[in-house]
Amino acid sequence: MDFFTACVWAAGIAIGIAAFGCGIGQGMGLNGAVQGIARNPESSGKVTVTLLIGLAMIESLCIYALVVALILIYAHPQAAEIIKTVVAH
Amino acid sequence: MDFFTACVWAAGIAIGIAAFGCGIGQGMGLNGAVQGIARNPESSGKVTVTLLIGLAMIESLCIYALVVALILIYAHPQAAEIIKTVVAH
Amino acid sequence: MDFFTACVWAAGIAIGIAAFGCGIGQGMGLNGAVQGIARNPESSGKVTVTLLIGLAMIESLCIYALVVALILIYAHPQAAEIIKTVVAH
Amino acid sequence: MDFFTACVWAAGIAIGIAAFGCGIGQGMGLNGAVQGIARNPESSGKVTVTLLIGLAMIESLCIYALVVALILIYAHPQAAEIIKTVVAH
Amino acid sequence: MDFFTACVWAAGIAIGIAAFGCGIGQGMGLNGAVQGIARNPESSGKVTVTLLIGLAMIESLCIYALVVALILIYAHPQAAEIIKTVVAH
Amino acid sequence: MDFFTACVWAAGIAIGIAAFGCGIGQGMGLNGAVQGIARNPESSGKVTVTLLIGLAMIESLCIYALVVALILIYAHPQAAEIIKTVVAH
Amino acid sequence: MDFFTACVWAAGIAIGIAAFGCGIGQGMGLNGAVQGIARNPESSGKVTVTLLIGLAMIESLCIYALVVALILIYAHPQAAEIIKTVVAH
Amino acid sequence: MDFFTACVWAAGIAIGIAAFGCGIGQGMGLNGAVQGIARNPESSGKVTVTLLIGLAMIESLCIYALVVALILIYAHPQAAEIIKTVVAH
Amino acid sequence: MDFFTACVWAAGIAIGIAAFGCGIGQGMGLNGAVQGIARNPESSGKVTVTLLIGLAMIESLCIYALVVALILIYAHPQAAEIIKTVVAH
Amino acid sequence: MDFFTACVWAAGIAIGIAAFGCGIGQGMGLNGAVQGIARNPESSGKVTVTLLIGLAMIESLCIYALVVALILIYAHPQAAEIIKTVVAH
Amino acid sequence: MDFFTACVWAAGIAIGIAAFGCGIGQGMGLNGAVQGIARNPESSGKVTVTLLIGLAMIESLCIYALVVALILIYAHPQAAEIIKTVVAH
Amino acid sequence: MDFFTACVWAAGIAIGIAAFGCGIGQGMGLNGAVQGIARNPESSGKVTVTLLIGLAMIESLCIYALVVALILIYAHPQAAEIIKTVVAH
Amino acid sequence: MDFFTACVWAAGIAIGIAAFGCGIGQGMGLNGAVQGIARNPESSGKVTVTLLIGLAMIESLCIYALVVALILIYAHPQAAEIIKTVVAH
Amino acid sequence: MDFFTACVWAAGIAIGIAAFGCGIGQGMGLNGAVQGIARNPESSGKVTVTLLIGLAMIESLCIYALVVALILIYAHPQAAEIIKTVVAH
């Protein structure tokens, strides 16, 4: 049973820490973008395009963690064998 | 029983840490936006649009964690089998 | 019994950490807004509108954690079955 | 008994951490406001209004944690059943 | 006995952490205020009023934690029943 | 005996952490004040008054923690009953 | 069984911490890029190319961690032998 | 015996943490004062008076912790009864 | 079995922490580079060359950790002997 | 024996943490003083006097911790009774 | 067996922490170099030479840790004797 | 034996943490001094005198910790009695 | 056996933490040097000499830790006696 | 045996933490020195002398920790008696 318990913990912590760091990272990017646009509104289009590329890159980091979390919950390869063993006991 | 206990802990910590980081991230973006608008009120429309895009991206990170938390509480795939095992004991 | 204990801990820590981070985030936004208004009082209306949007977004992060905390205390789906098992012992 | 112990711990830590973060957040907002008013005393009215809105938002975060803490101490839904079980033992 | 032990710990930590954070928060506000007054002594009245409002708001956060700490020490609702159980053993 | 042990620990940590945070907070206020007076010695009276109000507010936070610490050492309401139980064993 | 438990924990923590750090790193790069483009929109092409090289380098760090995490979940070399041993017990 | 052990630990940690924080706080105040005097030596008298008031306030925080530490070592109210119990065993 | 468990943990943590630090380091380098190019687009070639050298150096640090992690998973020198011992038990 | 063990630990940690914090605090004061003197060598006398007062105040904080550490090692009031009990066992 | 377990842990943590710190250190050096070259492209040769010396020095720190990690995995002097003892049991 | 173990730990940690903090503190002072001398080489004599006074004060903090560490290793007052007891067992 | 385990852990952590801190320290020195050379390329020779002295001093700190780590692995004075005792058991 | 284990741990951690802090401290001093020389190459001699004094002072802090570490490994006063006791068992 410890195994599923660990999956659950690891999934929660992986997505939690990743969202923490990426949230701060996106906030730093966003801070720069809105200050930049406010200073020079004509650059708005170019800044927004670059901002979106960057935010998407950071988002991808968090999605890696989300994918790992979902694999741990739904699709761990040994899960089937282990649950049989547990039930068998 | 440890399993449900772990689900509960992991859900609480995932959403807590994610909200922590995303809250600070959104605060950094918001800080830049309001200072920018105050300096140059004419840029207000463009800044607000960019701000909303960025805040939505950061919000999405926290929602990933919320989704993982809710899966852990309501929809964990092995939960049904495990609760049977626990009851059977 | 460990289960309810864990619910209680997780609820307390989730709301505590989330409030911590969102409080700092809102403080950063607020800092920028009041400094901006003081420098340029004419921008007050636009800044306040943007500030409110941002604060509401950050508030929503904390409310996610509050919702998870309340679910853990009042509406956990396995709580009924588990309390029966505990009483039965 | 562990259950009430956990309620007590969780309540104390929830309100402690939340007050920590919100205190710093309000301090950041207040810092900006008083510096702004000192530079431009004519903006005092508008700044104070915005400051109060922001402080109230941050206060609300801490009050969420306070509410959770008080629920844990006074109004946890399973408390009645659990205390019966404890006494019965 | 663990229960009273936990009350004592939680009360001490709640007030300690809250005082930590609020102390830093008030320090940030105070820093801004005294620098502002020194630069522009004529704004002294308005700054002091705003400062007092802000310090009172931060103080209230710490008082929430103080209230929770005192409830845990003096007025926990199950304390009477629990002490009977402990004595009865 | 664990109970008195916990009182002692909690008292020590409460006053320690509170003094830590309030010391930094007062240091921030003091830093602003002395820099301000050095720049503009004529504002010395007003700055000192505001500084004293602020330091007193921060001091009060630490005194809350001191009060809780002393209550834990000298005046915990269940201490009398508990020591009887301990002696009786 | 501890072995699979450890794989799961290590995978979750590796991807979580890596995403945390790389998210902040990419945020710092993005912050510089959008501020730079806003100041000097003509440099937009060169800045974006450099930004993409840098983000790809940082992304690669996180992908190393992702690869290690996936190896731990799907392709650990001793996993087959160990699961036989576990089943055999 | 745990009781005296805890007194000793709590006394050491209380004074250690308090001295840590107050040392940094006084350092911040002192930094501001010496920089201010160097810029404007005529303000030296007023700055020194304010500095001394502030340092004394911070010192008092550390002295609270010292007092609690000494009470824990020399004058804990239950110490006499507890040592009798310990000896009696 | 503890041995393979430890390999897995150590590999995950080594790559996680290394990616964390190197990600922030590369982000600092990238931040400087894109701001520099934006200010002075003519320097773009030289800056990019220096940036690539630096990023490669930082990347190498993370690759050291990756190599250690892979050695721990695939090529630890005592692994063969130990697994025989484990199987033999 | 735990008692002397705890005295030793507490003494070491008290002086260690206190020296840590006071060292940083004195460093901050010293930084300000030497920069100030370099800018305005004529203010050297007054700055040095103020610096010495401040350093002495910070030193006193560390000496409080040193005194507590020495009391814990050499002059703890219950040490005599406890060592008799230990020997008697 | 604990011995090899500890070797593995220590190797992983040594290289992980060292890469963390050196990655940030190299990032700080790189940040300065690219900003400097962008401001003054003529200095590019001299800056790059100095940068390379510095990066090599920092790299060497990480290589010390790598060497210790590899010694712990491949060449620990007591490893041969210990594995014999383990096998002998 | 725990007693000597604790002495050793406490001595190591006391000197380690103290050297950590004092090292940073002296670094801050040194940073200010060398920058100041570079800006105004004529002030070199006065700055160096003040720097030496400050460094000596910070050094003294570390020496307090060194003294405590050496007392714990060489001159703990109960060491003789305790070692007799240990030998006697 | 715990003894060799501890040697291994301590060696890994000593070199890891030392490389961490010295890496950041060298990075700070390097950052200043390359920015300085870029601003004033004529100073390049003098700056590089000073930089090398400083980097060598910092390197020496890390080498102390490396020496201690190697002593712990290869040349601990009691290692021979202890291994005999272990083998003898 | 715990005793030698503790010596080893304490030595490793003492030198590790001390090198960490002193490395950062020397880096701060070095940063100031090279920036200062770059700005004003004529001050190079005086700055280098002051820098060397300061670095030597910081180095001494680390050497204190090194001395304590070596005493713990080679010259602990009770080591001889304790090893006899251990062998005797």
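Think of it as A, B, C, D, E, F, G, H, I, J, K, L, M and N in the order they're written, each chain with its own count starting at 1.
What we mean here is this: a contact is a pair of C-beta atoms (placed from the backbone, for glycine too) under 8 Å apart; a residue touches a chain by one contact, two chains touch by 3 or more.
In UniProt terms the chains read A, B, C, D, E, F, G, H, I, J, K, L, M, N = ATP synthase subunit c.
It should be emphasised that the depicted structure is a prediction, and the values quoted were computed from it without experimental measurement.
Annotation of subunit H and subunit J: not jointly contacted by any chain, touch as defined at the top.
Centroids of subunit D and subunit K (each the mean of its C-alpha atoms) stand 44 Å apart.
Spacing of subunit G relative to subunit K, judged by their CA centroids, is 20 angstrom. Each chain gets one centre point, the mean of its Cα atoms, and the points for subunit D and subunit J are 35 Å apart. Each of the following residues of subunit B touches two or more other chains: 2, 5-6, 9, 11, 13, 15-18, 20-29, 31-33, 35, 37, 39, 47, 51, 55, 62, 69.
Chain contacts in this assembly form a single closed ring in which each chain touches exactly two others. Listing the chains around the ring, anchored at subunit D and oriented toward subunit E, produces D, E, F, H, J, L, N, M, K, I, G, A, B, C.
For subunit H in complex with subunit F, the residues that touch the partner chain are 2-3, 5-7, 9-11, 13-18, 20-29, 31-33, 35-37, 39-40, 42-43, 46-47, 50-51, 53-55, 57-58, 60-62, 64-65, 68-69, 71-72, 76-78, 81-82, 85.
Contact residues of subunit B toward subunit C in the complex are 1-2, 4-6, 8-9, 11-13, 15-35, 37-39, 41, 44, 47-48, 51-52, 55, 59, 62-63, 66, 69-70, 73-74, 79, 83, 86-87.
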